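Everything on this sheet refers to the single structure shown next.
Read from first to last, the chains carry the letters A, B, C and D; within each, the first residue is number 1.
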């Protein structure tokens, strides 16, 4: 995907850090129900990196994805503006094949990405290959804070 | 949006029924926290209509949207294949203005729409105006059952 | 559990209807991820019965339980006051043993049960055996609407 | 509440740290929809402290509570065993009164607390007063991993 002209493209250094952090975070995934492990990384506009993984639950509906967990973690540290979020996922203990698809965020995570400004979304595979897109492209015509909050709170 | 060529376009009769049902369902919305009332309608491939509304909770995260609620209701009745889903939403007790935007489904609802085949998505406004699109267009490159289920279960 | 003295105990007719509806609803469960099928029934104060089942999702966190789905369905029909909710669950295609535990609602469902008045909670097993308790006993010191809503909205 | 005899009671030092961390974490709450700010702290069995706050969403159902967010954060760092979790909440910009109730965790958070061993639950108020209980007491007869996972995965 072509990068948006209004924001600075991700640098090689930023991309390397996002890919490394995402794949490293995936190792902590708690996924005994699906055996599908996911990692995510979130880079703030001032260069801080947050990471997380999925955390499942016996009541499946209370499971959380890696992407949302990373956003919640950063928000808990006072962060509100982001350069990029990245994610990678795969069935545990399977051999990567070059034909494997890029794991994309679920709709819930795309929605949570729209709550805060995030310039880029990077899809990562276990072999460190990646694709660059944006949250906005992944959830067109999104329902956002301005649909429910009064202007004074935006 | 142009309708997809592979599936039959929605008829005037179907659209009228979806719009009517959506706006009627909205009246039952339980939304004391947001005062944002939403209605949804879901038409099965064999012509049955299901409706629902949003149902909020003191623990905000346990609130459900109208669109997902309609899908869950239909699934509980054994339905698995759908022609169309529609939704409408607005702040309670506000006067409709022709400049008001169409309320679009949140990302969680878009994700749940991808769990089952649904040909069309109809966005409705309180004045009965509507726009036709598809779930697929609203959540491109979606994470879907085939990403996690073995082929034998698809 | 002893039945609460303030509300009328469930009659044999009500209990039979709850048990039958719960076990019948379970047949429509959509649970390709967990293979754990759950059914629920919800009886209104004026004698109407609603039923539902769990509906899972490729993004596990977007799965819904049978109990919550039944409540959302009834609310969409304008219902707000309930006599009883019941649920039953089991791993698909397993033989029932008399030592099997009663499936209890998850915490999210217990929370949603507290949003509306529901007198009784009935736990059901596949052999039609049951236990009677109350939502309140299953989530003591609950966080409820009065903790967040202004008195005028209660 | 009397402390459980099987596990060591919380020390004054531990309680002080939990209370301080909880109230400090509350300051980062992102709650433009409810204006109800919540903080949580989570102490691991080997003495590490994690904190978080609630993070709401335009789609109310995608909001997360402070308690769950703290657990997800700790899990993402590889933690799986906990001494205690604590939480505090209040409507933003209101004066604390000694008659104010202790904010208790919602059902979803209680459920997520049961996914991992957590000895104690500490309810905190803005004036640093607290009550000690346990997750188990707050969600009796819980639905837990052993209800769905095969013994080999427990």
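Keep this in mind: a contact is a pair of C-beta atoms (placed from the backbone, for glycine too) under 8 Å apart; a residue touches a chain by one contact, two chains touch by 3 or more.
Predicted model only: the values in this text are computed from it and were never measured.
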item	value
Type of chain B:chain C copy interface by residue overlap (half), same or different	same
Rounded Å distance, chain A centre to chain C centre (Cα mean)	34
For chain C paired with chain D, centre-to-centre distance based on mean C-alpha positions, whole Å	26
Set of chain A residues in contact with two or more other chains	33-34, 58-59, 62, 64, 106-109, 111-112, 114, 143, 147-148
Overall pattern in which the protein chains touch one another (line/ring/star/complete/other)	complete
Touching residues on chain B, where the partner in the complex is chain C	25, 28, 30, 32-33, 51-53, 55, 57-59, 62, 64, 66, 68-73, 75-78, 80, 108, 111-112, 114-115, 143-145, 147-149, 153
In the complex, chain D residues that touch chain C	34, 36, 91, 101, 103-112, 114, 137-143, 147-148
Interfacial residue positions of chain C with respect to chain A in the complex	33-34, 56, 58-65, 106-109
